[in-house]
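Letters A, B, C, D and E name the chains as they come in the text, with residue numbers starting at 1 for each one.
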Amino acid sequence: MKWIGVVDTMFARVDMGAIVIETLAAKPDRGRTFDLVRRTVPGFKNLAVEAQHLIQSHGCAIVVVLGMPGPEAIDELCAHEACLGIMAAQLATATHILDVFVHEAEAGGDDQRLAAICRDRCAKHALNAYDMLFAPESLTARAGQGIRQGAEDAGAIDVAA
Amino acid sequence: MKWIGVVDTMFARVDMGAIVIETLAAKPDRGRTFDLVRRTVPGFKNLAVEAQHLIQSHGCAIVVVLGMPGPEAIDELCAHEACLGIMAAQLATATHILDVFVHEAEAGGDDQRLAAICRDRCAKHALNAYDMLFAPESLTARAGQGIRQGAEDAGAIDVAA
Amino acid sequence: MKWIGVVDTMFARVDMGAIVIETLAAKPDRGRTFDLVRRTVPGFKNLAVEAQHLIQSHGCAIVVVLGMPGPEAIDELCAHEACLGIMAAQLATATHILDVFVHEAEAGGDDQRLAAICRDRCAKHALNAYDMLFAPESLTARAGQGIRQGAEDAGAIDVAA
Amino acid sequence: MKWIGVVDTMFARVDMGAIVIETLAAKPDRGRTFDLVRRTVPGFKNLAVEAQHLIQSHGCAIVVVLGMPGPEAIDELCAHEACLGIMAAQLATATHILDVFVHEAEAGGDDQRLAAICRDRCAKHALNAYDMLFAPESLTARAGQGIRQGAEDAGAIDVAA
Amino acid sequence: MKWIGVVDTMFARVDMGAIVIETLAAKPDRGRTFDLVRRTVPGFKNLAVEAQHLIQSHGCAIVVVLGMPGPEAIDELCAHEACLGIMAAQLATATHILDVFVHEAEAGGDDQRLAAICRDRCAKHALNAYDMLFAPESLTARAGQGIRQGAEDAGAIDVAA
């Protein structure tokens, strides 16, 4: 059985971890081929080391980390630092970590829209994590097709023959 | 017994380390389940390696590092470098380091407001460090609730059912 | 026999991996001196660790990674993070990884132009990867000549004697 | 006996290394409890690896590195890269490196002012390095007091009781 | 005998590697106390790992890496990534790598001026590399004197006594 880790924050204004867990808990093979472990940290700057810990100590095969940067410039800079840490944690563990960030600024102050982006992006990346473990060839089948999370797919460019 | 490290700077204009120590010293289990060790460095660019040292040589289970960037653009860039170092130190030690920065610019030149932000942010992150060691499930209970340090909680988005 | 790895994304709107594979599959020594292995990840932030994995676990001698950042500022910042990860993966593996990014903004909204840039850049870098493995002296023969991928060569400056 | 390393550049327009050495040579215990070793590199992007070398091969317990970025935007970006390297060198060696940069832009084109900033900042950080080795508790005694190098101390905020 | 590595790119519009090699080949002790090894990569993002390889596998004691960023903002960002990689490669190998970049924007579109900057900067840094290996004390003798490559020396500030 493989472990999928989920790490989210108290800072986010939507329970992003719950969305990932609900999405994956609906998989019929949950508890047989994979199971879930969840951790919460104060803010997104602690996501990287917590993901690293889930991989190194708990044996997770992949981790989904979830953050919601606030609207200020300093929030974006901190998110950049957090993402560089998540990148480094991937290389240090030789394991995929999917960083799923929903920026408050994406929703233009509309809370329901912000929640909708969260639901879409978190759920789709939860399924991506599953596919990366159990059906990697399904990702190649969708290569270059403008697949999006948190928005409608952009679609592949129809190249004139 | 676990050690909680506290590192602050001479550069800051508020004794941020004292706030963390006072907050945690008030815990009844201090000296039994945990104790505190404090170090001070000149400026925030030495926080990362000092935290790393407290973890690797002193055995700290978590470290709270405290900095106060000045208002100039170069101060912000240096703070960004310091934060990337703190991120790297977390991964190098596989240990959480809470970076608690209060930017002079946050207070708009109002010293009392700057001190108030320091008190709130340092005290709340001190408690976060404690909870991360001794009550990690309490963080998950607060996941996605817009918890803030140095400001009132933003609160969870009330998602329409 | 040497392995050339190819990693692309579902996010891109052109099947960049296919271009690399078609280009290299046309080499007469494919299957004898080298062969190809392809992986697809959701977005470009997972390129670095996948390339690292192809090198460390699959034995790739070089990897071509392919991404297409969207037009927003946050897309560019994420691409920057992805590229820093790819840089770090090169050093961690002591192996060349060619990062081939085509930015949507390069084409000014013209999809056919975007696809044309992809074809040119991906094909040329595929050949670069081959030459780096099997004909490194051919690169030195072209040193300082303003060679470009995704555009016409800029050419060497004709230095007045 | 402990070694304090000093690394400066040919690029700087003030002999910053000499200031550090003069300041520390005046200590009565020089040659007994500590001694100095100096290296010079072309520009600040070689400070990090030279400091690392002084620590790993020469046994330095701390290193002071000195740079003077020019006034152009590219100079500032290079300085940022240099500082990230110095940060990484600290973590790689688990040793403090004090990065002492004086930016030409700080002096607004006034050379005498630039030299004065250098004298103040280099001398104070030289003493900080000494104190970090031999009197670390003296830094904690000055925590949160707005201590500056290259300028007058900003001072602690007088918090209303 | 020590090896000096030289790595340049096909992207640059001037044969920067040739300038370094001509400069050092003129040294009378070439072939006795040192010799040169040259590699070429497609663009500057592969300089770092190639330099690392020359150090780790070929035994180079120092490497000069040469790049010419184009005039677009994305070129500058890529150069920044390349330079961070070169910085990391220095620390990973504990060896100096001199990064010699000539930005097209420095010459304001004047090709002859661009070539002249290349000649001056590449030749001077070639000599720096030599001096770092064989006459390090000569660098300290020039510390703080505003030494430049690719421009006239800025000179030391004449500090009023």
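Everything below uses one rule, namely that a contact is a pair of C-beta atoms (placed from the backbone, for glycine too) under 8 Å apart; a residue touches a chain by one contact, two chains touch by 3 or more.
These numbers come from a predicted model, not from an experiment.
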item: Set of chains whose contacts include both chain D and chain B; value: none
item: Degree value of the rotation bringing chain A onto chain D, based on Cα positions, nearest 5; value: 145
item: Chain B and chain C, separation of their C-alpha mean positions in angstrom; value: 41
item: Chain D and chain E: spacing of chain centres that average the CA atoms, whole Å; value: 25
item: Residues within chain A bordering two or more other chains; value: 84, 88
item: Touch-based graph of the chains, sorted into line, ring, star, complete or other; value: ring
item: Chain order, ring traversed from chain D with chain E following; value: D, E, C, A, B
item: Chain B - residues contacting chain A, complex; value: 76, 80, 83-84, 86-88, 90-91, 94-99, 103, 125, 128, 132, 136, 139-140, 142-149, 154-160
item: Touching residues on chain D, where the partner in the complex is chain E; value: 8-18, 38-42, 45-46, 48-50, 52-53, 56, 70, 74, 77-78, 81-82, 84-85, 88-89, 92, 111-112, 114-115
